[in-house]
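In structure tokens below, several structures.
Look for chain A in each of the two complexes below; its partner is chain B in the first and chain C in the second.
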Partner chain A sequence: MRRAVIAFTAFLGALFILLASPAWAEGESLRGTLQNQGQPVNGVKISVTSGDGQPVGEATSDAEGKWEVPVPAAGSYKVTLDQATLPAGTVLKFKDRATLTVQVFEGNYRNVLFALASGDAAGGATEPDSGGSRSAFWTRVAQLAFEGLSLGLIIALGALGISLIFGTTGLTNFAHGELLTVGAFIAFVLNTTVGLHLLIATPLAVIIAAGFGYGQERFFWGPLRNRKTGLVSMMIISIGVAMFLRYLLLFLFGGENVPYEQYVAQDGIELGPIFTTPKSLIAMGIEIAVLIAVGLALTFTRLGKATRAVSDNPALAASSGINVDRIVRIVWAMGAAVAGLAGIMLGTTQILNFQMGQQILLLMFAGVTLGGLGTAFGALVGSLVVGMFVQISTIWIAPELKTVGALAVLILVLLVRPQGILGRRERIG
Partner chain B sequence: MDWTLIFIRAVEAGIGTEAVIYGLAAIGLNIHFGYTGLLNFGQAGFLAVGAYGVATTVATFGLPFWLGIAVGLAAAVLFALLLGIPTLRLRADYLAIVTIAAAEIVRLVVRSVALQDTFGGTDGLEAFSDDFYGMNIYAPGSYDIGPIGFDHRTMWVLTVGWVLVAIACTVVYLVMKSPWGRVLKAIREDEDAVRSLGKNVFSYKMQALVFGGVIGALAGFLFALSRAATQPDLFSTELTFFAYTVLILGGAARVLGPVLGAVVFWCLLILVKTGMEEAVNHQVITFITVNQVGSINYMLVGLGLILLLIYRPQGILGDKREIALDAR
Partner chain C sequence: MIRIAPFGRVLAVAAAASLALTACGGGEETATPASSAPAAPASSAPAAAAGDGVLTIGALLPQTGDLAFLGPPEFAGVKLAVKEINEAGGVLGKPVVEIDTDSGDTKTDIASQSVDKLLQQNTDVVIGAASSGVSKTVIDKITNAGVVHFSPANTSPEFTTYADKGLYFRTAPSDVLQGRVLGDLIVQDGSDTVAILNRQDSYGNGLADEVEKSVSGGGGEVVVKTAYDPAAADFSADVAKLKEANPKAIALIAFNETTKIIPELKKQGLGPDKVKIYFVDGNLADYSKDFPKGTLEGIKGTLPGAKSPDDFRQKLLGVDPALTDWSYAPESYDATILSALAAEAAKSDAGTAVASKLIDVSKGGEKCTDFAGCLALLKEGKDIDYDGLSGPVEFSDAGDPSEATIGIYQYDGENKYSNITYLSGKVAG
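Then we have the complex of A and B:
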């Protein structure tokens, strides 16, 4: 065990030394990233004045939607977005919030958020007639359902690993979100530091992520289980692992959103009522293909059958000649690989920062619980439902509260059907 | 490098507001996790409802301070009931997931733009602590013992805080010696055995959840009042996991475990943090910046939590036989 911990620490230490090269901004400044539906918005003018109206500076958002205005000292500043410079089809979500007053603290930068939305530049407030608004409503539902599917697929990739790991070892892994983040950042290093094209970096990163998962099980979780460490104990250990990995990534890469080199901004395309980008479609295609492949493998291959057998009853599986330890290691490698892929897809289509995995972890848990803890196919169905629900619920609730809705539903489902949609009825109390 | 400064900071943190707040939060967690075996990962939510209970009542609605305290306590009780009803019949891992989700719900709701007029959005609330500081028994000035000192406001927070810690510890000690407390410990050891004795396990667990949650709300009051402001992102999941580290470090299922844990935890954390900052500022360590010291600190907490649970799950004071880590 001691050896295992040393090996694990040494591995992380090596990672740490290899990659230590981040740049942190010094001094006070105001900054932000302008995005509309996950796409950066370029060329928007932002001006900053001090509290008493003296102009401080101006900036224009770059190709990644980023802008930054350094300010001379801590204090209160007014930030104004020039609505005339917004590209056609993009408007401020709240018309009266073009000027924001924000506080900048000593030695800190302050992120300023302007919520953007797609809409009519002429004002957006003009309500079409009832027939028109009805079709507009369904267009919006279609758009949100599509975005929900896109989110649901990413959640499903992560949830699959959580569910299989839980099924085979009983561990509820709170560090699974970090497997997404680690995968995404391995691809980031291969993509930016090493300079590989994202299409080459992605499969390599997935393989490295699989190795990371395998190593975690081989040198950390496996030895812990052999020591007869309790499950509750391991759950809390997984939180320690999550915290360690998350802040290691913050240490290495800083706290801001970073982009991959390729596929940053793409022109949108329209498919019927749905507005999207080619990269989202390709990402969804890859995700669906991977999910189907994993599903088929679980159902038809010997390895898949063995995995399900271990998931069902480890002791019985072992006594019928299945090497349980080997299966568990394969499950970890596969779970980490799939999670890494999910992280890269999330990084390409939406955000890439050290918290991305943690932010999606609870949604993955919601998907897994909804589908039934420990059932792989339940996790798929549950995740898709959660993804759709999160996005479609924004019709009625504020977008910032969409996660709240999903989590509240998770709690309600536990009241009514604690075993989830596809879970077996068994005593879980 | 200024070693005196480093040690003064460390000692001040060990007896200062952070230690008191995390100590109280961990005492509440000790009732949940240490004594009853409930894996509550949402202690931050209890602190948040306490803090926002008092802040919203006073700052938003302009009502008296003591009513705010009552609202905060009532909100904590309500939160515990809402949390307990769906989950206390379920397995430990479900409870963990639901509590962490519920705490996040609280944080996301209070930071939302839609409710900004009530809860102040991401900037939070301020101007609710005047009545509290109005009761200050210390005259304005600085109170020093040797090089270690606090101003009169901090002294007042610390006095109230340590008195609350003492009261909470006494109550926990008395309660856990009583038949009621023995039932809680029995639930931790073997729930079915307790059920077969005719005890209503669900009700006992619920009472434990409420009890620990209310102590968490007290920590929330102190958190808000000591800063004279409250922001939603103070109550992220990290707060809960820091409290777990404090509890496990000191020793779960021990009356003084959380208190000792909080003192040692903050002393060590600030010792390392200030030490590293000083080392960076004096070019002793050159390959990191001051900003990165924060993330190293979090990494150390994570690593500490892992190593504690592997090598010494009973912490400083605990008894290995009394730790609820091997439950199903």
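Then we have the complex of A and C:
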């Protein structure tokens, strides 16, 4: 009986001691985890004082590197890490941040981070990659040059069509961006709805895109030209066509970003200083091959020579026996096919969206103008310059302004060479 | 000279007229239309304080554009609230009229046209928009017409101090709170070097600033903070800039550009397996159809709003059986219920009258949690305090919720997110 009473009293006493421990406001505390390269750091003393210097509490990090100091109320606190208690070989990454002023909010705990690094107390943190910032800079330049090439090639594919169509018909086709989008979405339908692998869907979509281009010229632009519609009117019409196609795609496929079935979010591979994906490399390979093939065809085949002849002077070409209408239709079919391919490549390396063509239309025009209106090779060079400049300029200007940089280059070049890089001066008289 | 035949001219006129007519009649009415309300243009001077007797709620929420994924749950929230209000007898003895319109995104002018349409139909309360950027483009137009602008999802801190004539309210907490929680989460996970990549708009810049404040306040360091142009063709240069700074964590403040940025991050070796990536309410969505399995595994994110109760989800499914996402549905529901209660308390449906009572019904009085219960209390002449599904909803004088809950979520191997924990806090202090 007596023993029971003692036991009960002891129990009560223990309960009293438990309850008497400081009753802090619910939840408000400062806490954190000390780690050095993923390893917990224990035995480090951390003290907390209130804003006006009154001590509030102390804690020592445990085996998991965790520490917590409850605080009486919301407010501003000074948290100090005692650097003398850091284990040998571990120092604060930023020496001047041994004391942090931290705001604690009502009813919440607040996490505090002391960044630690390996090193000795005298010499400060020995960064494993000191001097790394310089190499990081050059890595970035290399990466941006590579991205510039990648973007430039896509722009070039689109610009080729704009340039040839302008050369042969004089039309500035503002609906050319939508030819990219249409091509990309034809492949999307073949890929997802029909269920073909992207490698099969791509050539099919390019053929359908060519048919779309041919049909556009055969039944729309050709008749308009035959009715002697002015070039400015046709340009305005092309803006209308662009909007019609864009919102038709929005209606059919919605405004969301959609991916193809294959090759989505591939892991990066490292090639020297450059990170890329297998799909980007293959896409670039295809783009270069197509550009070279088109270039060779323009230079050496009868059809290519005829195209350039029409581009130079349609009346003269017609009088020398070239069927101008046929050439123009072939140019439209080719232009739409190449643009469709560019759209598919853009959709594979980026993502599909009804605005994807419109987003690079301005860059395509910049490329065409920079290279010299109406010259296929000029469009190629101009596009690569624009692509490179868009990406590399972000070293000096904020990335959200990158397109502005490319357009500034366009203005500067045209001030010096109004006919563009490879363009010829307009003949007067 | 091109001559259009008379018949052709008639056709053209008819086509133009039908276009114009469909544009005007686009808003679909989902409840009994206004009785014999005079169709006075409400866009000019502030509406007369008397109102027309019918509380007209205009939903200005995304059906298209960057935030289209947020649209369905928000519309469902409004619809469910209107349904319950009308089942309980409506407001001022008449059923509430709901008009649905599209807010589009900042790239289009849809929101402004939708607002014109809503104002012409004597809307008293506009529920929307989801995007802070969109709200900013229409807030002047709405508040100048004496109509309440009530957003369920705007989180930009700018609106707290905006000169809104006391007519702007929101049920989503200012990003001051979300930024604080996200920064604290990043610090808690032990990342001392943090990169922030944000959309260049009112929402992105505001949240990025708050995250930066919170990270550096907790002892971490923001090594790079980059805004990107949402309409850019690709984001490789933006990511290369992050890469150069070699961060341990990335806060990605984006809308659906996320589907383009994540592959780019993976490509350049900054994927979720290499660095810690954090999402926010703008991009915390179900990506199971967009990426291969495991792409987003481990990514964490924050989303304002308490857990929506299961029976609420069931009721929402009754309104829209296709729902899969629940973001901002409780906030939309609460906004609608609060507007109806304020109109009832003010004994008027006019926008200015509703606004004058909104703060009153949100706090200080007898607690109630649904429309029927609150209405009964109001009819007894009691002061009420509506506690909603999104939280206690106590408006500050600026029309912001002064207390809110932020959920912390994590992605699994299926690219779907699930909740880890909820944190509540006061926005101020």
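The rule we apply is simple: the second predicted complex is superposed on the first by the 294 of 429 C-alpha atoms of A that agree within 3 Å, B and C clash if a C-alpha of one lies under 4 Å from a C-alpha of the other, contacts with A are read in each partner's own complex, and residues count from 1 in each chain.
We adopt the following convention: a contact is a pair of C-beta atoms (placed from the backbone, for glycine too) under 8 Å apart; a residue touches a chain by one contact, two chains touch by 3 or more.
None of the values given here were measured: they were computed from a predicted structure.
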Have a look at where A:V194 lands relative to chain B and chain C in the superposition and call it first, second, both or neither. neither
Check the residue A:I351 against both partner chains and state whether it touches chain B (first), chain C (second), both, or neither. second
Kindly classify A:L271 by the partners it touches after superposition: chain B alone (first), chain C alone (second), both, or neither? neither
Does chain B (first) or chain C (second) touch A:E256, or do both, or does neither? second
Could you say whether A:E400 touches chain B, chain C, both of them, or neither, answering first, second, both or neither? both
Which holds for A:T229: it touches chain B only (first), chain C only (second), both, or neither? both
Could you look at A:M243 and tell me whether it touches chain B, chain C, both or neither (first, second, both, neither)? first
With the two complexes superposed on chain A, say which partner A:I288 touches: chain B (first), chain C (second), both, or neither. neither
In this superposition, which partner touches a larger number of chain A residues, chain B or chain C? C
Which residues form the common part of the chain A surface touched by chain B and by chain C? 103, 227, 229, 250, 398, 400-401, 403
Chain A - residues contacting chain B, complex: 1, 5, 9, 20, 22, 24, 103, 166, 172, 224, 227, 229-233, 235-237, 239-248, 250-251, 358, 362, 365-366, 369, 373, 398, 400-401, 403-404, 407-408, 410-412, 414-415, 418, 428-429
Would you pull the chain C residues touching chain A in the complex into a rising list? 2, 64-66, 68-69, 107, 180, 184, 187-188, 190-193, 200, 217-221, 226-229, 231-234, 236-238, 240-241, 243-246, 256-257, 259-260, 262-263, 266-269, 271, 290-292, 295, 423-426, 429
Of all residues in chain A, those that touch chain C in their complex: 32-33, 35, 74, 93-94, 97, 100, 102-103, 105-108, 110-115, 132, 136-137, 139-140, 143-144, 147, 150-151, 227-229, 250, 254-259, 264-268, 270, 275-277, 280, 346, 349-351, 355-356, 359-360, 363, 390-391, 394, 398-403
Chain A partner, complex, touching residues on chain B are 39, 41, 85-87, 89-94, 96-98, 100-102, 104-105, 108-109, 111-114, 123, 237-238, 241, 244, 248, 287-289, 291-292, 295-296, 298-299, 301-307, 309-310, 313, 324-328
